[in-house]
Amino acid sequence: MDPIHYSVAELAERFGLEVRGDGARMVSGVGTLAGANASELSFLSNGKYTAQLLSTRAGAVVLREENLADCPTTALVAKDPYVTYARIAALFERLPAAPAGVHPSAVVAASARVSPGASIGPCCVIEADAVVEDGAVLGPHCMIGEGCVVGAQSRLVARVTLVTRVTLGRRVLVHPGAVIGSDGFGLAFDTDHWIKLPQLGGVRIGDDCEIGANTTIDRGALEDTVLEEDVRLDNQIQIAHNVHVGAHTAMAGCAAVAGSAKIGRYCMIGGNAGVLGHLELADRVTITAKSLVTHSIREPGEYSSGVPLQDNRLWRRNAARFKHLDEYARRLAALEKDKSDD
Amino acid sequence: MDPIHYSVAELAERFGLEVRGDGARMVSGVGTLAGANASELSFLSNGKYTAQLLSTRAGAVVLREENLADCPTTALVAKDPYVTYARIAALFERLPAAPAGVHPSAVVAASARVSPGASIGPCCVIEADAVVEDGAVLGPHCMIGEGCVVGAQSRLVARVTLVTRVTLGRRVLVHPGAVIGSDGFGLAFDTDHWIKLPQLGGVRIGDDCEIGANTTIDRGALEDTVLEEDVRLDNQIQIAHNVHVGAHTAMAGCAAVAGSAKIGRYCMIGGNAGVLGHLELADRVTITAKSLVTHSIREPGEYSSGVPLQDNRLWRRNAARFKHLDEYARRLAALEKDKSDD
Amino acid sequence: MDPIHYSVAELAERFGLEVRGDGARMVSGVGTLAGANASELSFLSNGKYTAQLLSTRAGAVVLREENLADCPTTALVAKDPYVTYARIAALFERLPAAPAGVHPSAVVAASARVSPGASIGPCCVIEADAVVEDGAVLGPHCMIGEGCVVGAQSRLVARVTLVTRVTLGRRVLVHPGAVIGSDGFGLAFDTDHWIKLPQLGGVRIGDDCEIGANTTIDRGALEDTVLEEDVRLDNQIQIAHNVHVGAHTAMAGCAAVAGSAKIGRYCMIGGNAGVLGHLELADRVTITAKSLVTHSIREPGEYSSGVPLQDNRLWRRNAARFKHLDEYARRLAALEKDKSDD
């Protein structure tokens, strides 16, 4: 493959940036401040890396105007260097080739509608009445279940399973091992055993969503499970049936949302955090890692649960005391009462 | 496909219910009280939806006798409306067609025994000496490893992997991405590196179990990992080697049980709860979400750990104090002693 | 298949053990002290099973010299019976046959380099420029993405996906459902929506690592995600981009490590424990199950967070008090001050 390269001046032109230094310098890749070489571009966004700027060997650096004085090389001045860097770096990404057409090893039902502009990889299975729109890319081992829709320009990297009644919007990116549209966990207890509730709803995923590796999203019991546009889910996330996630919300790895919870827009759910069923979270709520949300949250803000990590020996002593906290509070109140009665 | 429809009188007859209203009304689907239309049936089980009953447009509603007065439409009176609704809704579920036979893209070992009444989907792999019994359905991308058995009428929705020495009972339902029979995590530390313990046992799954998407169940080290009948596992659950789960126990998403733990019958394990290895839980134990079970539980009941969610600023103050809880308890006791010494 | 059998004397010779009893006794399998029969070998490592030794019917037992007096059968004396047992048990493991060559249903890119001594199972997909070295075994449904390398003697049990820029060392064992080299979760927030950061790094896995079922390891953003040699990961673990895990570290099921964290050598991370991003853990750090690591750890030792499990009714009272812990601490200090002011 030919190398990809741009002059600093071309990048400035394309992204509306100001150059300080040698605009003719050629850049053929990106790197960290500490690791980039003279043909690579780097960036400074987080103030704690300022020291690394001083000694960087990068060919060019994207930074804020206030860091210009410390920059030993060509600079590209941006209001938000991280966002600008993300756009530039995307120029250097090489996605695997995905030629339009259906690989001969794929199995496509006669009633499925696959756009001639879509790319269907080896060992994919596309079932009855499924639709794959123009420019969509399915890597190896994907399954598109009966009646599911993959929107235009969406990309299923590999081994993605859409079970049934799943609709992906446009430019949705799904990573390997994700399962979308599996049965919700609906059970009724009948005297001495469980009866399964059929899961008759579907899943609707909005445009520009990203779904991480081995993440699971169940379909609704009666109505749909919904992710609005630009929802970003990391790996191994569990979204139960009838959950509704507002636009632009992001969840870190191993987060889980129980059935029928409604998460607002622009929320941030930390790693391995959990939200119990039927709760509502307002817009712009942040939940820190490993917290459990046990009641609805009406106000934007940051919420947490958990206790701090300690040396195991100290922790054991404190944790044992937790079992008597209510008693301590009563004893404290009794002492205060004695005091005031004196 | 032809629509499925039943008269209210037919449903009453089939499930032993009492009709109040128009028994000739035709029902062709199910819906929520708020969303159902005149050709759909709904149900009222949870008292907090009683207000929705008053304004429902459903064609018929399954409910308890005590709610009859508030029902604006045809009613079907049931002792347990949720269970009855589950049975009725099952009539309206359309499972994907699963014709008996082996799809030409599937790879079946010569020594495997696949019933002519089983359905083997595209890209399945069935290895030596495996058995697939009558009426079993394997969706696309399933693997049945050497010597594994899939019982009659079991359904592997898609992309299910049974590794080795796995036996599924009858009517077992397994969702995509599940891995059953993978190596248990058995290691011995030899001076400065790990030695692997071969995992020589298998997995036995009882009749009527359900295994969620991306759930993992390891095979035993020497003896088998066992799920008795009617065990219900949600998505992304981890069952380690030699675990034994009693009949009718249900676990919510992301729960995990460590090696050799023995869970009783009719237990309920909440989402992301954990059980440490070698513990025993009695029958009818409930563990709330995200709790960690660190000792055996001998009595039925509900058990919990964790601390409540708070605004992050308040939480930080309280969490910091947790590190000194033992000291506070001692100081409290000292004050009390001073008091009594006065 | 012919049964595998060894005399006790042969085992003693092979592993440098001392025989007490009948060296001619034949052993054809292994079992627990309670379950082994006269043709099976067992072991005693953990003192709490000593009572089971007295009544064992095993043909031979591996044990420490100090337990010889209680052994009713032929004994093999070892310094570390668990390690010795692991080595002996491995003799009795039968791995599925894996004939060298490419299964006709596999899809191999013309530019891929697959050793003639490798075994490529049914429905595998090997993409452009990938390399599979001698003696490597790929079970069914594996995908080796563009440019990935599978080292000699490595085994991908089934349905393992290596996305891109992944290098596995030698003798790496990967269980089904694992995804290695998926996109790291890198996002920049641009005014009102997310921008994706391309993930341009790879993943390097050292020799003798083991990766559990449905575990996910993301590739780096710019540099590589790294597991040094002999790292052992259980099932459903999440390793984010740019994490570095030191040699011989083991993690139990459902543990998660956030981006750019650096874990030392010989660490033990408990089940469902979490490590926040950008932290460093020294060598020989143990984190107990479900703990959250929120700051770097400089000293070896055992660390914990969490509160103990209680009956739900008691727990509710204590948990409610946690929300006022800071206030209690202040009130306690106030009482003490009053006291000293007296």
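Think of it as A, B and C in the order they're written, each chain with its own count starting at 1.
Throughout what follows, a contact is a pair of C-beta atoms (placed from the backbone, for glycine too) under 8 Å apart; a residue touches a chain by one contact, two chains touch by 3 or more.
Keep in mind that this is a model prediction, so the values were computed, not measured.
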| item | value |
| --- | --- |
| Superposition of chain A upon chain B: rotation angle, C-alpha, nearest 5 degrees | 120 |
| Same or different contact residues where chain C meets its copy chain A, judged by the half mark | different |
| Chain A and chain C: spacing of chain centres that average the CA atoms, whole Å | 26 |
| Of all residues in chain C, the ones touching two or more other chains | 105, 123, 141, 159, 177, 214, 236, 254, 272, 306-308, 310, 320, 322, 324-325, 328, 332, 335 |
| Interface residues, chain A side, partner chain B - complex | 105, 107, 123, 125, 127-128, 141, 143, 145-146, 159, 161, 163-164, 177, 179, 182-183, 185-190, 192-198, 200, 214, 216, 218, 222-223, 236, 238, 240, 254, 256, 258, 272, 274, 276, 286-288, 291-295, 301-308, 310, 314, 317-318, 320-322, 324-325, 328, 331-332, 335, 338 |
| Residues of chain C touching chain B in the complex | 29-32, 35, 80, 82-83, 85-87, 89-90, 92-93, 96-97, 103, 105, 121-123, 139-141, 157-159, 173, 175-177, 208, 210, 212-214, 230, 232, 234-236, 248, 250, 252-254, 271-272, 289-290, 306-313, 315-316, 319-320, 322-326, 328-329, 332, 335-336, 339 |
